[in-house]
Structure formats: structure tokens, C-alpha cells
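Chain lettering (A, B, C and D) follows the sequence in which the chains are written, and residue indices restart at 1 in each chain.
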């Protein structure tokens, strides 16, 4: 009534969509049955990439605001979780692609040269907008990754590379986390104290253990002291910044502290949604890695030691990129600095109160 | 070298593909964030439907040949299994669609009227080509299903409805199965004998059981005789055809026998691939049913008791169609007539030999 | 150091665990290869059921407290989501079980009589603790469901049936939702007004549409008035309670209102986690239904029209139970009463403020 | 009737099964909610490992017969495919385990020392029986992998390590493949000729290309000659054995040829099932690798840079083992030696006939 009637076929643009498959093998007069599957698998990937970018842009614009309203956090978290859901789905598409055997692929593989997944502009955009920097990327054929893109795409990409990524924006948002320090409470001091106490207790236990030979004692104590020392990075801004300059950390000192606060006190009402956001970012990183890895395995199966379409070193490149292209690595490493909940200093009541609702 | 170079972006037709999303809510100036997801989920469905149809057409053309070369059977089986693999994937897409909540859907639902999944020409084609007949379909809004299609699609559909479906072609292929009867062996007679013997043994066991009260004995014997009688449909062509006319069976008497032979002796080399083909057809039916069912649940969640887009009774229609739109139902019911392998009459050596290789 | 050393094998109790498989076919001297798979599929189901019950008990005890601390809500939500995750996993187990063909099952099926999945105490417990009442259950073999359980289990089950279920506790928790009415705001009145306005606007639009024939106008207006009338259930406690007595609703009037408030204003900080809890309950209901449905399909495939192990009517029972055994049906139906977000009355600033944090 | 009645609860051994969970945190008086999940995830893994071993033993005993009956090949193929199906399922279990956060794990992690997945006897058995040799394994804590097992398990393991693995048995079976050479046909000679012709044609095309600069020509020709040379390994038994001694191949020269014949002519009736077997072995290798990889990612997320339970280097070990513990690597690399189907020499009619049925 309110709107003109619409037919499913037109609404979904099925004419352009279902006429966008043009197998090269048919064009060259040697139809290869499996080329359509190859095309459609990659087309559905690209449609999903468009959706991921759409969600990502929306989350980016939320996080790039000077302050993020609490009411928008639930939405941002849901959209990040939707991206995870899409990534899990497309990992499953590898199963479908693998119904094509290597011999079937050979029927049309030469016709696609040098087309290659490395030329996927949208995938590169996803990585870049999430925060993969050019220096984080594995070099590919000795030239920067964007050289595989078309010229107009290269321009856009360079532009986007200069804008704040989700990693950057999340870092700024973390830095603004309240409660890191306040009137009568400094999260960091109390955490440091707890860590020290925990390790000193352990050391005392070892030293007082009558059944432990002296040599064993010394070794264990040395190990504990070594681990305690590794926490220095967290307690000393200069030490941290030194390691950060070496590439061991990417997040700022303050953002790391905020992320740790959120992880350790995630049950406080005000931290529940921030915790979900960090978890979703971890999930995105992990599912993207898994997707790359399954593609690396598939490439090896499909090509053996042969080079990939596009002249890439195929499997090798993918396998290496899998490990290297991590974006939110600090969130993975953060767990190194967790201590058991029973040792975590409780929040002062006044602070806990302010982290909750009052109606 | 041999072929002109091709870029990923052009090869995949990404220009038309990634420009085929036109949210109505944007057109009407009230952008609803989740409409893009709604469009892309359905577009990827339709791309996969195109792929399923492509595989189906190829299998259809194989089975429509006067005789199907054994060397083509492996290919047909692999392509049917690929369809199963695609159907399993798109069942997973429901998880992604369900990240859209009912309230999000309401933001643009009215704008789509009367567009509806019922208008998917390709899904109807898949059902029709597999063998779903108009009489098997649940009536929908009191008019035949094809009335929801565009006019040109209606013409094509009516044409295809008059051509042999995969069900028809598989039936003919089954009827041509050798070994159903031969010089010194009639599969059917020997199976009938085995069934009779098995039931008579059971009846004797019951009658001779001293611990069983007479009343219980009579009841159990009556039950066994009843089940034995149900096998009559299989042993008596007239009885079978009567039930078939009533709609209890769809396959011909001969095709049913062949399907049973294949199931019971699937390990014989010559029957291994036919067995896989029957299994793939069962899998296709079952996964299509599961897909419909998950959509029915999703519709209920999305719409409650409200009518679906397109004015369908939504959930109710989908749930009912789920149960009714079965195509290879005879293969499901065939198991009713299985007897334990230990009771199945062994194949005469001469027959078994001819079912194997000789090199 | 702090604790005695432990070996993986002992920690996991692998001795009892890996010695708990006793195929009947082996016992009876007719080893059937696939019986082990049948046993292990069901054993892993039961292990997962134990885990689901453990999470459920924990969530139950949270919701049964007189007031639920906000800080516990995130935990409850995560545990419900874990249950969903487990249910999705075990739906996938059907794929593994279906690698056993009906003929393989026949090799040992008779030996299991009358063992049956209907005797799974833990599954029944899950249903009961979630809130499936005996009157909601499909009658099975003319006796109450718990008669299939062992005697001691029957006693426990009857006891648990008399304790508050998760449905009951969630209802109480919903009823305590603040903000339903307050000083200068009554959620319900303002919502009612919005619904009325929306429908009156629609009716006016129709009446003023010059291109619409009178007959069509009358019909459309009647339809709109009918739908508007269906909202009465929501606006009139007596009307609601009448329908509730007839079984159309299960939740109380007040709990329904709270659930609607949560759904419509889920982005308010204080409602974000409650929204996730309702969504997880919907997901649990939906995945349990899907699990039952896939089992119904598998039973049909495995047994045809034959009765299930345990003498159940197998497929038929499962298919019917699938539809009937819904627990949080009101949450599904609630969407019927949603109106587009653009029409939802905005919260007064004072209310919105109190739904947020203040630090 | 025929067999004593049996109850579901007893049949499945639910008493020992559901009483085999003993959280250490409960034992030590500090119950950690998530420990039960940790236990049950690993217990279900172990139950599935038992099932995989059962299928594997059955397939092993088939392949260890002096000749494998064709009728048993379908069964072997189905059982290997079942293993793939189980492995895909348990990859999904990682999603469930990851609902436990690192902080939850810390609540009981210290109590499990030194228990670790590295002590899983059954997983080691699966790897060993498939054919992973001690030399293929990544060293772990400087001692052979079996040192993590209990003493009696070490004895059994050493015994099994000395028995033929599935890799060994499949190799022998491949070596017996008929058709590799016969009266008027030598598969290998004709394939070699086709490879040579294909490369010479390519070289001629390049040389005659008037638009190609001389430098480019020389480079391309050199590349083609290099690739052609890499086929030498396949055509020259001495060259092959040299590379094999260096560890580049594991299968014998004859077995490699047979595997290539099967891959290239998989549509011939007699090769359809062997092809499925090779594919299932590839799938097993790939899914085991994927499972290890997902565990490596999870370990990194759970532990950061901390060492794993059991003192392993956790993530690092798993990630490295993922890449190294490949068993049927030759089947992956075989594709390097494929040529497009259009260039594969057709089988002489007499040979093709003998690869088919005659009834």
C-alpha cells in the first residue's frame, strides 16, 4: 500500500547477478564443467566481503566519534559478532570448493592467468580497515600488496591506508576508559601489588618445601623470578614503550591497561559490553586466520608445489601470511599477564558502585 | 601466454555483482542498516541455486541417455554430492540471517511487499527438475505455485514441468538394472523366500516360548503376520500398483526392486556407485527439507503469527511444505522392506562374478 | 608444585570412559561393525547433556535468587550462549550418525529392544528444567513420559517437575523489571497510543487513496482493524488472561510487557544484557527444535515406516514432538506485537538517563 | 523377544560414563565452574578417537590382506569417509571450548600440571597407525613423543610403531595396481610422451611469438625447461629414489605411478573406488591438520606466550606440528605432476574395456 509493489526477482537484481558468470573455458571453446563453481564460490566470497565492509564501516564510524555513547556499544558489538558469523560461514565454503579436484582445476587454470585472489580489493580493504598495516604484511612478489590492484583501486587504497583503522579507533576508545585511576584507587598499583604478592608467595612455598632438593629449588625460584620480571613491561611505561618500539606491542601503554581492566572485571555491568567487543575482535582475527589457513591447505592440495594462479607462490605465501597477518595480536598476548581471579584485587565498593546502574 | 591476461576483478564480473544491491529503505530515504544483509543473504542463495541447477542439468543429461556409461556414473555421483555440499552450506546461512532481529526486519519489511522467497524461480526449478510435481505441492494462496513467477518464467516453468525430471530418469535407469532376474537366479523370488522364512522362524520362536502367556503369544504372532503381509506390496505387482495408484509409492514396481537390490548388495563392485547415487538423492531430499525447516523456524521467529512478506502464511506454509515436498520418498520408505544382512540370500557365485571386474 | 602431579589419562577418567562401550552384537556373538558408532554417538550426546544440565543449574540458581545482581547477568548470558553452542555442535553429530546406513543398523537393531532415546533421563531433565510441562508434551505410548525412565529416575523427575523451572524464574525476573511504569511515564500507555496512531494513519491513507476501488478499500480497512484488535490482548489484562487461560500465552501479563520493553529498547545500557538473555532462550528453543527435527528425519531414513527402537512410532513421534515441545513460545510470538522502530515512542530523557551509567 | 530386554541407561553404560568427571578444582575445594566443560570436551574427543581407531583398525586389516577384494573397497572407502566426518565434527568442538575464556581457565589451570593433550595415547595411536613415523614428528621437550605416555602405553606404542601402518599398506596395495603396464601399453611411457609434447609445444609457441622481446622469450623458455626437468623425478627411477632417500618422496616409485594412474583415470569403473580412497586419505590428513591448527590458535588465545599445561611450548609446538605432521604428503604433491586432461593420453580401448564391467 504505502510503497510501490516489488517483485523478488527485481528486488534482488537477479538479472545482473545471474548473468555475471562468464567462464573463460566457454569463451575459448573448451567448456570446463567446474569453472562455474570456481566463479560462484569467489563471487559469493565477494558478496560477503561487501557485507563485512558495510558492518565494519558502521562500527568504524561509531568508534571514531569523540565519545561513544553506551547505547551504541550493544549495536557495535552485535555487528562485530555478525562479521564473525559471516567469516565462519565462508570458512565452510572451502568444503564446497574442494569438491573440485586438482585435475578439474587444470582444465581451465591456465586461462585465468594472472587473475588471483591476491587481487581481491575488498579483502585487502577489510584487512586494512581492521588495521593491518603495510609493514605487517608479508611481501608478495617483491612489490607492495596494492600493486596487484587496478589503478583506481590503488588510489583509493592508499587513501584508506592513511585513515584511522579500527585498531587505531579501538585504541583511542580504550585509552578513554574511566576507572583506570581515581581518587582513592589506582587499578594498576593494586594489580602490581597482587602480582608481586602472588609470586613472592610461590617463591616462599618453594623455598620452604623440605622435599625439594636445593638445585631444584634454585631452578624453580629462578623461573618464577624470570616470569615476574616479564610483568615489568606492564608496570613500567618506559620498559613498555621500548618493547613497543621493537614491535612487541602495538597498543599504547594506556590502552593495554584498559584492555586488562576490562578482561579482569568483565562482569561489572559497565564492562560487559566492552568485554564482548574485545572478544569479537579476537574472534574476527582468529576466524580470518583460520580462513587463510584453510585456503593455504586447499592451495597445496590443488597445486602441489606449482605456483598459484597469479604467479604467487601459492600455498607457501598463504601459509606464511596466515601467521603474520594478525591485527589484534595484543589481545591474544594480554592473557600472558592475567593472574587467577582469586588473586585479582577486588574493586573498592565505591568504584564497583559507579560501574553499575542506579535506578 | 596462451590466453590474454585477465584480472580477478573483471573475471568475476565484480562490477555488476557488487552494484546489484539496491536497498528499498535507502531508495525511500529511510536507510535500514540490516536491509543489505537481507539482500546479500538472498543473492548468495540465488548464486548457489544457479550452481545447483548447473550440476542438476548435467546429471539430468547423463541420466536421460538411453544407456548410462559406467564411466559417467562416478561423475554423476560426485556432482550430486556437490549439490549436497552446497545445500549444507546454505543451511548455515540461516545462522547469519538470524543475526538480524525481528525489530531490525520491521524497519524495511513493508517496503518489500509483495516480494517473497516464494517467487524464487530458481528454487522452483530445482524442485521441479528433481521431480516435485504440481500435485505434490502444497497449495499456496489458492493458486498454482508458478503464478508467483513473472510471466516469461511461467512459460518456461510450464515447459520444464512437461519434461522428464531427475526422478523420472532415475526411475528409467533403475528399471534397466541388470541382474534383477537371469538364467538361474531371480533376485525377487529368493528375497521373498528369505522374508517368509525369517518371519516364520520368528512366529515359531514365539509359539514355542514357554514363558509367554497365551494372550501375549497371540498378539505377537498377529503383529508379525501383519508385518509380513505388508511385504506383499513388494511381492505382488498388482497389489503394488494398486498402492501406487493411491499415491503410496511413486517409483514403478521394477524400479523399486532395482533400488532394493542396490541397497542390499551395495558392496558388489558394480553396485557401489549406484548405491552412492541413491544415497546422494536421499541426502539432497533430506538437506532440502532441513533447509525449508530452518526457514520455517526463522520465519516464526521473525514474524510471530504475522503473515510473511508476499502475504504468505509464512511459518505455517513453510512448515507444512517441509513435510510434504519430498521427492525421493520411496527411497526413505524402502528401508521398511529391508531384512537383516544375515538373512539376505547370498548371490549365486556366477552372478557375483559378473558384478565384478575381470582383468 | 602447589598440587600433586596429574596425568591426562587419569584426570579424564579414561579407564572407565573408554571401557564403557559394550556392543550387544559382540555379546551375542554376531559383531556388527556399526554398533560402536551408535553407542559412541549416544554417549557423547549424554556427556554434552550433562554439561548442558550443569550450565542450566547454574543459570537456574542465579535466576531463583530474590534479586539478580546485574554483575551476574553477563555470566548467565554467557552460560546460556554456551548451551546454544553445544546444541549446534550436537546437531552436527547427526551427520556422523548418518554415515551408518539403515542396513547397517538392522544388523543389531533387534538386540537393543526396548532401549530408546525416549529413555534419556538427562534430555528429559533438560526439557523439564527449561520449563516443558507434562501437559505440553506429546503423549507417548499412552503413558506419561517419565514411565520410560528407571524407577529411581522417576522419583527424581517428579520432584524436579514440582520445582520452579527456568521459564518460571525468568518470568518472575521479568516481572521485576523496573521502568515499566513510573512517575511521569507509563511504558504501556505510550506504546498503546503509538500502535493506535499507526493503525489510524494507515486506515486514513487507505481511505484517501483515490486509485483504490471502494470494495478493495473496505477489505483493507477491515484487515487493519482486525490486526489492531489483536493488540487488545496486550492492552487489556482481562482479555490477556482469558487467552492465557486458553493456552495462547504462557507468560504473565506483566512479564510479557517487560519482555516487550526489553526488545524494543534493547540498546539502552541496562537492557543490553537482558536482551541477550531473551535471545539466548529463543536460540535454545530453536536449536533444540532443530535437533529433534533432524532426528525425526534420520529416524524416517533409518526405519522407514517401521517403529523405532523402544517401540515408539519413531519418526512420527519425533516430528510431532518437534513442533509441540516449544518452551519459550511467547518470545517467538512477541514479535507479532512489534511496531517499526520509527513508531516506537521515545523514552523520556529522565528514564533513558536512569537506564544508563553515571560515573 | 529374541534377546533380553535392555534399557537405554544400561546399554550406554551411563553410570560409569556420567560419573567419570572429577574436577580437580572441586577436589581442592575451589570449584571452578568451567572445569567441567574442559573435562567433557576432552572426554568426547577421546570417545571419538576410540571410534576413529576402530574404523582405522578395520581399514588396516582390509589393506593388510595379500589381495584386497573389490567388494571390500566400498566398505573401506565408507569407513575412511566416516573418519573424515568425525574429524570435521571435532573441529567444531573448538568453538565450544572457546566459550571458556582465558581467565576462566586460569581458575584451575595450575591444578592440572603436568596433564596435557600431548599425553593422549589414542591421538598418538591414530597418527602412528596412519603412518606418522617418529622421524616425521617434531621433537617435544627433547624426548621422544612416547615418553609422555604411561609406561604400559609406551610398550604398546613401541610395538605398534613396528607394525605396518596404513601408509605402508596403502603403498603395497598401490604397487599391486594392474594396468600400469601391459602387453601393448605402458602407462608411463605414454604419459611421459604427452608431457614432453605439451612442453615442447609451449616452448615452440613462445619462440614463435613475434610480439615477445628476445630477453622475455629466453626467460620463459628457461622456465618451461626447468618445469619439464622437474618431471624427471617421475620418469627416472634412479632420480626418484635419490629424491626419496633425501625425504622428498615417501611412496615408492611404483606406488606413485599407480596413484597417478588412479587420479588421471578416476572415471574408469575399476578406479572409481580407489580414487575415493585416495581422496579420503587426503581429507583425513587435511582435517587432522586443520584440527591441530585450530588448537594452536586456541592455545595462543588461552595462554598468550605462557607455556601450555604439561610444560609444552603450547601454541608454538602445535603450530609447528601442524605443518610437519603430514602423512600422505605425496598425494598432495602428486598434483604437481598432473597435466590437463585434454593432454592425457587416452587409454587403449582394450585396456579401458578391461577396466569396466561385462555382464
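One rule holds for everything that comes next: a contact is a pair of C-beta atoms (placed from the backbone, for glycine too) under 8 Å apart; a residue touches a chain by one contact, two chains touch by 3 or more.
Only a predicted model underlies this, so the values are computations on that prediction, with no experimental measurement involved.
Q: Weigh A-D against C-D on C-beta contact pairs and write down the one with more.
A: Between the chain pairs A-D and C-D, C-D carries more contacts.
Q: Going by the average position of its CA atoms, which chain sits the greatest distance from chain D?
A: Between chain D and the rest, the longest centre separation is with C.
Q: Once you find the CA centre of chain A and the CA centre of chain D, what distance in Å lies between them?
A: Taking the mean C-alpha position of each chain, the two centres sit 29 Å apart.
Q: Give, as an integer number of Å, the spacing between the C-alpha centres of chain D and chain B.
A: Each chain's C-alpha centroid was found; their separation is 32 Å.
Q: Using mean CA coordinates as chain centres, what's the chain C-chain D distance in Å?
A: Roughly 40 Å, centre to centre.
Q: Quick check: what residues of chain D touch more than one other chain, meaning two or more?
A: 1-2, 110, 266
Q: Hey, which residues of chain D end up touching chain A in the complex?
A: Against chain A, chain D makes touches at 30, 101-103, 106-107, 110, 263-264, 266, 279, 282, 286, 289-290, 293-294, 297, 300-306, 319, 323, 332-342.
Q: Please name which positions on chain C make contact with chain D in the complex.
A: Per the stated touch rule, the residues are 1-3, 5-9, 11-14, 16-22, 24, 28, 33, 36-37, 39-40, 42-44, 46-48, 50-51, 54, 58, 78, 81-82, 85-86, 88-89, 92-93, 95-96, 99, 110-122, 150, 153, 310.
Q: Give every residue of chain D touching chain B within the complex, in rising order.
A: Going through chain D, the ones touching chain B are 1-2, 70-75, 178-179, 202, 205-206, 209, 220, 266-270, 272-273, 275, 354-359.
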